[in-house]
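One structure below.
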């Protein structure tokens, strides 16, 4: 059990001529709620992609729970305890909400070369799935097909699926994007409940949420870390103000 | 040795024909995101049109020219009538729909031209063998095929790389919506591209008609080879199609020519006799399998889709 | 019209009164009665035709497993019909006429071929996958053409149906028909258990959103490979049955248009439903048969019909009953 759950050093990724990640360095302690902010196009989603294993870096390393995971595939990282939610929701749209979460449970409970028993009747899968749905407030929608749910419910489901894998590290990619005020408030509540229970790396644009919840904040601009520290320090940082917070005052966001 | 050179030239010839087909296929897939199984049918039409027009006019060249125009026109008509509704649909829909077109065209050809196939004769001059390097003789017409198809390949390269149409084609391949947003008539562009693909296919069909075949179902056989070319060369890449066509053409031809003897030297005569024809036709699939293991996206993958 | 359908669905329990289920039941009943009809009319043609329908329906069921449920569009499935058939034929030719050897061999060799093809092609997607499976199937076709000892392009006439040590005489056409029917129903049942099991959930999840599957921790490749092998093995069994039925096997059964036929049957019946492939097979083959009696040029009708289906019909024939809301 290492203190530092995630250690990122010099992580670099180029797409053609564009540097999406420029020698990013980052530390996240166990139980920490760590936010990553930055203007659009700063490479935040690329960072999640690199951490989750979807994108292969051209340089740098990632250590998780003391082990080097830089070369591991997406599914192996998930099995090690890294879960992510997608910025553009990525769900099993022709299945029910319960089925969606049950699949995530199934991935982490034994193997799936079972060919005969009805998986939808397995209590081992159903119960944890229902619990995950309850924790995000979607119990009422358990048996509804995902393509019939609202956008806000999709976002909640994204979190439920990630939680159902019982992760050590939760990578959340703009979970509040496109949510109305009520739904946003609900999401913030949910995130607040997660604080301390799971280690979280949150990418978000909503500054209030970020500064209310985060223990530490990292600021990313053009793929580079320009500042990292506790919320108060970040607020006061001149470079951050110029590059980012100033923009935030004038831009309209939901 | 002479036999080897001759077979190599045959391989290049096959490769060039394959390139014409593969280039059309890969263009259509790259730009319109359409899987077109009926491409082989256009190849077949090219051959049948050429045979018919050559008969009518008494001249191979005139027949070929008319056939080219007819095939391109048929291709564009096909695009407007049957292909347009398929754009934007799943590839499975494309497969189903164009499969139906294959059945239709095979039957149509059988109705119009009968089941027996046709022949297209060349002036005997063309079939004479010339000495290309001391001691090596090769039929003029086969040389013509190689040279003409190389010229077409060069022309294609110039069009795609150096002209406005080509620029639109390349832009459309990487970002369809953008090209539409720029006010270009996408519909017309698509029809033209499809017509171009049809012309290439028809051209391949008519060029090989005098020496190979004009019969129903000829399109399917070569279409599979074209698919192998595209998998090896990389989808969407014309350069990849060119290189892969040559490789496939050479390996298939040389395999069929030399593997039986090679096998006979290694295995017992009986086993060799049984296995040889089967194995020699497998060579390009083995190649494809190897490429899939080493580089699944092909040798020259274009920008990913 | 839509309101009426909604009302009907709410009032009538979703059981066998459901139009879709009713239609399926009718088709199955018809299939069950065919031998009786053949006996009554003294005309064996119906029996022959429908035996073929049953066998190809079995092949379609196997293809539906990977295509409809798994999202793997294989354009080379007819290869397994050929491999299974040739297993029976070659073994017979070499003096082994026992069904206990031939049929398992057909299944095993098909499974092996599926394993190799799957290993090579399942890392690819979409168009690539379609082309590659097509190419490998055609390769088998060419190989079969080159096997002079076993008839080459002309095919191999199989002198007798396999013997099962006297337990069952499949030389009896009616018995053979019901055996095929039983195997068909059995395979549908097998698929139904498969797709609802943990394994099936993974397969369907991969079809639905493979990126998500990997993100939650599934090593998707191995599951899809196993599914691919199961489908190949099942189709190999169909191939063995076909060889028995016609007492003949030739490369033509593996020609790529045959793979296309199988795909059409699956699509017509509605992808990813249990009895869909059966209905699709029955429909397609009967239509083909009926058309060939009316015209010599059935392709002129079937071709454009397929195109129209591709353009207009979502969810296939079964989808018609679901109000076309299935979108696969």
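Order of writing sets the chain letters: A, B and C. Residues in each chain are counted from 1.
We take it that a residue touches a chain if its C-beta (ideal position, glycine included) is under 8 Å from a C-beta of that chain, and two chains touch if they have at least 3 such contacts.
Not measured: the values here are computed from a predicted model.
Of all chains, the one whose Cα centroid sits at the greatest distance from that of subunit B is A.
Just count the C-beta contacts per chain pair and the biggest one is B-C. Rounded to whole angstrom, the centroid-to-centroid distance between subunit A and subunit B, based on C-alpha atoms, equals 48 Å. The mean-CA centres of subunit B and subunit C are about 31 angstrom from one another, to the nearest whole unit. Subunit A and subunit C have Cα centroids separated by 43 Å.
Partner subunit B is touched in their complex by these residues of subunit C: 73, 75, 120-121, 123-124, 126-128, 130-132, 134-136, 138-139, 142-149, 256-257, 260, 263-264, 267, 297-300, 302-307, 309-311. Contact residues of subunit C toward subunit A in the complex are 193-194, 196-202, 204-205, 208-209, 211-220, 223, 226. Subunit A makes touch with subunit C in their complex at residues 52, 54, 73-76, 78-79, 83-84, 86, 90-95, 99, 102-104, 106-108, 112-120, 122, 161, 164-165. By the touch criterion stated above, subunit B contacts subunit C in their complex at residues 29, 35, 82, 85-86, 89, 91-108, 110-111, 220, 224, 227-228, 230-231, 235, 273-282, 285, 288-289, 292-293, 296.
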